[in-house]
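Both of the next two complexes hold chain A, though its partner changes from chain B to chain C.
Now for the complex of A and B:
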C-alpha cells in the first residue's frame, strides 16, 4: 500500500518533471535538427560542425574559460531583463544600461587616475559607478512608467540608442580619447582593473557568482523577493495585501539596471581596460540584447538565469569553434538560438492550453 | 540655393525609409497589433532583397522579395499571437534577434566575401514634368520610384483610415476589439491583413537601404532605424499622415548629424544623433495626455 502511494507519487513527479522539461527538450531538438539540416544542405561537414558546437566549451580548458568569459556579461544582462520581467515588465534596455555602465567606468576611472588610489578602494568605487550608471538609465524608464504611464518597452529602446551614441562620444572626445589609432579612451589606471585569476579569466567571475548567490538568497529568503513574486503572480491581489506596486516596479528596474551596468563596467575593468568605439557591438556588452533571449528561456526565473546563461555562453563559444574548424558561419547559431527561444515560448503556451 | 535643394532632396530620400517603416507599424497598430520587430524585418529584407536584386539584376524583384520577407515576418507574428496568444512584444523582440542572424547568414551563404562590394542595380529616378521645375520644392518630384510609392502609401493609408467605412471599422478594432466583433467585424482576419501589410512596408523600407542609401549590403545596415520608427509611430499618434511628417523630421536630423560629422566642427555629432531618441521620450512625456493610442494596443483578443 505504502509502496503503491510512493510509486504513484514518483510517477506524478516524473510526469510533472516531463511536463516542465518537454518544451525545452522539444525546442532544442527541433532547432538543432533544423540547423543540422541547414548545415548539411550548405555542404558543410555536419558531425564535425556539431562536435565543435557542442563539445568545444567543455572539452578543453581554453574552451571552458572562453565560456566563462561570455558567461559573466551574459548572466548580468539576463538578470537585467529577468528581474523586471518577474512583475511582467519588459526592460529591453539591458544593452544601453551596459553601455552606460561601461562608459561611466571609463570616465570615472580616467578621472581618478591621478589620485593613485589602491585597488581595494578603486575597484569597489568603479563597480558602484557601473551599477549606479546602469540603474540611472533604467530608473528613467521606471519613473516614466510609474509617474507618467509611459511604456518601458518604448523608453528603454530609446535609451539604448542614447547610450550607444554616448559610448562613441566618450571614445572620440577629449579629455578621454587616446591620441592615436582606433577611436577609444585612455586606459583606466592599473588599480581599477580586475586582476586575472587564470590566464584569460578575470575576477569578474567571482563577482558574478556572488551576485547569483545574493539574488538566490533574495528571491527565497527576503521580503522583497516575496513581494516581487506576489506582484508577478497577481498584481491586484498584491495591491490588496498592501504591496506598493510603484515601489516594486522601481525596485525591479533599479536592480535590473544595476546588473546590466555592472556587466558593462566589468567588461571595461576586466577585459579591455578602456572604452573602445565598437564596445556596443563587439565586446561582452553586445550580449545586452542576447540577455533577453536567455531570460525568456528560463521564463525570467532568477534561479534559472545562471543555467540558461551557461547554456547560451557554451553555444556562443561552440559557434566560434564551429566557424574555425568547419567554416560554418556563426550566424547559424544565432538563428538557432532565436529559434530555440521562439519554440520554447510556443511549446510552453501550447502546453498550458 | 543649389545646396539647399540638394539637402532637401537628400532628406526626402531618407524620409522614405522612416515613413514606410512607421506607417507599417501604424497600420498594424490600428488593429491593436504592436509590431516592434521592424529592425529585424528591415535587416532581413535588406539582405534578401539586395541579394535577389543583385542576382537577377532587377530592382523590382529586390523590393518584391523585401516585401514578401516583411510579410512573412508579419505572418509569423500574427499567427503565433492569434493562435497561441503569445505576448506580442516577446514575439517582436525574438523576431528582431532572428532577423539579425538571418540577414548576415543569407548574405554570407549566397554572396560571401567579395573583393569588390557587389553593387545594387539602379532604381529608376523619375522627374515629374513641370512640378519638378519648381524651385526648391521641385526636388520632391525628382526622386526615385520608391519615394513616389511612399507618397502614395501615405495618402492611401490616410484616405483608408479616415475616409472609408472599412478604415473606420479597422480603427474600431484597435480601440475595442470586442465591440468590433459584436458588430460583426472579422477581427481576426483584419488583424492578419494589417500585420502582414505592415510587415511588407517595413520589408520594403529594409530593401531600400542597400538599394538606394548605401548601394550594397553591410552588416547592421538598419542601424536602429527600425526602432526609431516605433518612436515615429507614437509621435504621430498612430496617424499615417503624421507619421510621414515625423519621418521627415527624423530624416532631417539624420542628414544634419551626418553633415556635422563631415564638417569636422567641434560640436559632437553624437548628440545630434541622440536627438530623435530623446525627443521620442520628451514627446511621450509632454503630450502624454494628448498622444492617442489605440486602446487595445498590444493586448491579445480572443472570443472566449
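Now for the complex of A and C:
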C-alpha cells in the first residue's frame, strides 16, 4: 500500500515533469524542423549545417570557450529583464544599462589610472561602478513608474537611446578619447582588466557564477525574494498583507539594471579593455536586447536564466560555425530563435487545454 | 400553477469537471406557472444544473425536454430561443448604459441610428404588466440592487422568456427588497411564467415557493410541495442528517458563550475619514466605533458601501486622512501594515482568490504571507523555511485542511480548504483583533461551522473580532453588536436586543 502511494506520487511527478517540459521540447523540435526545411529550400547541405549548429559548442574546447564568452554578458542581460519581469514589469532597457555600465567603467578606469591601485582594489571598484551605472539608469525608469505612473516599457526604451549616444560621446571626447584611429577611449589601466583563466576566457565567468548563486539564494532564502515572488504571483494579496509594491518595484529595477550594467562593465574590463564607438553592436553588448528573448524562454524564472542563456549562447556559436562550414547565413539561426520563443509562449499558454 | 403541464424536464443529467462529479443523473421537472425552489448547500450543484439548462455548460449525458420535446441546448442563444432566461447572482448589466439600453442590448437591430421610441413603449408596457416599474433613462450604475434585478428580469422577459431562472437572487437584497421581489415573481407566475428560485436558505423556499427540489453533492434528493413540508424535513433533506442543527437560513446553530466584555476597548476607531483609493471605492466619512475584548462586532451593509475601506483603513492606517485608530489605547495611525500586524491584528479579506492568497504558491508560502517579517521566521533578511514549514504543517493539522502536503499549491485546494488556510494563517499568533470579511461565503456547511467555532474560540480568548458580512442572517446569529454602513458612513449601531431585520435592512439601503 505504501509502495503503491509512493509509486503514484512518482508517477504524478513524472507526468508533472513531462507536462512542464513538453512545450519546450515541442517548440525546439518544431522550430529546428522548420529551419531545417528552410536551409534545404535555400539549397544548403542540411546535415552539415545542423552538425555545425548543434555540435560546435560542445565538441571542441574552442567552441565551448566561445559559448562561455557569450554566456557571460547574455546571462547578465537576461537577469536585467527577468528580475523586474518577476513582478510583471518590463525592463526593455537592459541594452542601454549595459552600455552605460561599460561607459562608466571606462571613465572611472581612466580617471583612476594615475593612482596605481592594485587589481584587488581596482577590479571591485570598477565592478561596483558598472552595477551602480546600470542601476542608476533603470532606477530612473522605476522612479518614473512609482511617482508619475509612466510605463517602464516606454521609459526604458527611451533611455536606451540616451545610453547609445553617451557611448559615442565618451569615445570621441577629451579627456577619454584615444588620440588616433577608430573613435574609442584610452585603455583602462592593467590593474582594472579582468585576468584570463584560460586563453580567451576571462574571470568574468566566475563573477557570473557567483551572481547566479546570489540570485538563486536571494530568490529562495531571503525575505526580499519572497516579497518579489509574492508580488509577482498576486500583487493585490501582497499589498493587503503588507508588501510595499513601490519598494519592490524599485528594488527589482535596481537589481535588473545592476546586472545589465555589470554585464557591460565586464565586457569592457575583460574583452576590449576600453570603450569603442561600436560597443553597442559588438562584444557582448548587443546581447542587451537578446536578454529579453532569453528571459522569455524561461518565463523569467531565476533558475532557468542560466539554462536558457547557455542554450542561446550555444546556438549563437553554432550559427557562426554553420556559416563558416556550410555557408548558411547566420540569420537562419535568428529565425530559429524567434520561432523557439514564439512557440514556447504559444505552447505554454495552450498547454493546460 | 398548472400541475398537469410540465414545461421543462431533465432526464439523467450528469456533468463532471475533471474528477469531480458535479451532477449525477439528475431528474428535475418544472410545472407551468410554478415557483420552484432549488435548494442545496454551496457546491451541491444548483448553479451547475441551471447553467446546463441555460447552455453555459453542456451536460456529459442526459436529455432536456421542453414541452415534451427533446431539445439540444449548446449555448445561451439556444436556451433564449427556447424561452429560458437566467438572472445571474451578480449583475450582468452594463453600468454605463441606461436601463432601457440594457434591456435592448444585443437585439437593437442593425440600423445605423439607434431609435428607441418603439422599444421604449414595448418595454414600458411589459414592465407595467408585471408590476416591475423602473426608471428607463437612468444609468444602471446609479440604480440599487433591487432595481437592477428588475431590469434584468424585464430584459429576460423582453427576449421572450417563459422560464426564468433566478440564481441566488436574494444575495444582495435586504428584507424589504426581498418582499418586493416576491411580489414581482407572483405577478409573473400569474401570467404563466415559470420561475426557478435558487437558494440555500430554507426560510426563503418556504416563503416563496410552491415546490422545492433539493440537491446534495450533485444528486437530486427529491422534490416536495412546500405546503405540506416543514423546515425540519427540508433540513433533513438538505443535509441527510437528523442531528444537525441549522437555522432556517441554513446556518449552523452555535452556542455563543457569555463573555464579560472589558471596559476598555481593544480597538477604538475615532472619527476616521479616508479618501477612496480607486474610482470604484467609497470615501469613508467620520466613522467611529469601539470593539471590546471578547466581542464580535458585525458590520452590515450592501456590498461596496465602505466595508472594505474600513478594514483596509485599520490594517493600513497611513491612508487615513482624518481621525485616529487606537489598539489597546495606543495610536496606530503612523504604522505600516506589517507593524499593525505586530500589534496583534490580522485580516482575512473578502475576495479570497484575488486578495487573500498566492494561488500558485505552496501552502507554506501562503502561510508566511503577512508574517514574513516576523523575527521568528527570519533573521537578517534570511528566511527560516524549516520553522515556517513546521508552522504550516501544524496549521494543516489543526485546521483540518484537506491536502496531500504543505507543498501543494494553494490554488489546487477547494474554497473551504483555502479559507481554512487563510484563517489558519491569521491565527498562528495570539491576536487582539481579527478583521474578517465574508469568511463563510461559498463554503459548505462543515466549513461554515468550522469558521463559526473558530470565531467563538477567539471570543473566549478575549480577542475582538470585526466581522464584516453582507448576509444579515449570519451577522445577527453571531455578532454581539451590528454597525450598519451606507455610502461610507456608519449610520447606526444595534445591540443584540435591538436586532430587527427590516430596520437594519432599510438603513442598509439608505432608508
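Odds and ends about this structure:
Heads up, the rule we're going with is that the second predicted complex is superposed on the first by the 351 of 353 C-alpha atoms of A that agree within 3 Å, B and C clash if a C-alpha of one lies under 4 Å from a C-alpha of the other, contacts with A are read in each partner's own complex, and residues count from 1 in each chain.
The definition used in the following text is that a contact is a pair of C-beta atoms (placed from the backbone, for glycine too) under 8 Å apart; a residue touches a chain by one contact, two chains touch by 3 or more.
Note that the structure is predicted; figures quoted are calculated from it, not measured.
On the superposed chain A, the two partners chain B and chain C both fit, without a clash. Looking at the shared chain after the overlay, A:292 reaches chain B, while chain C stays out of its contact range.
Legend: residue contacts after superposition of the two complexes on their common chain; A:226 is shown touching chain C, with no touch to chain B.
Using the contact criterion defined above for the overlaid structures, shared-chain residue A:18 touches neither chain B nor chain C, since it reaches no partner. Seen from the Cα centre of chain A, chain B and chain C lie 80° apart once the structures are superposed, a value rounded to the nearest 10. When the two structures are aligned on the shared chain, A:339 is found in touch with chain B, with no touch to chain C.
Touch counts on chain A: comparing chain C and chain B, the chain ahead is B. Look at A:234: by the touch rule set out above, it reaches chain C but stays clear of chain B.
Between chain B and chain C in the chain A overlay, the least Cα distance found is 6 Å. For the contact definition in use here, the chain B contact set and the chain C contact set of chain A share no residue.
Of all residues in chain B, only 36, 80, 84-86, 89-91, 93-98, 100-102, 104-105, 108-109, 220, 224, 227-228, 230-231, 234, 268, 270-271, 273-274, 277-278, 280-281, 284-285, 288 touch chain A in the complex they form.
Against chain A, the residues of chain C that register as touching in their complex are 312, 315, 336-338, 340-341, 347, 349, 354-361, 365, 368-370, 372-373, 378, 381-383, 385. On chain A, the positions that touch chain C within their shared complex are 221-224, 226-227, 229-230, 233-234, 236-238, 240-244. On the chain A side of its complex with chain B, the touching residues are 42, 90, 92, 144, 148-150, 153-155, 157-162, 164-166, 168-169, 172-173, 281, 289-290, 292-293, 296, 329, 331-332, 334-335, 337-339, 341-342, 345-346, 349-350, 353.
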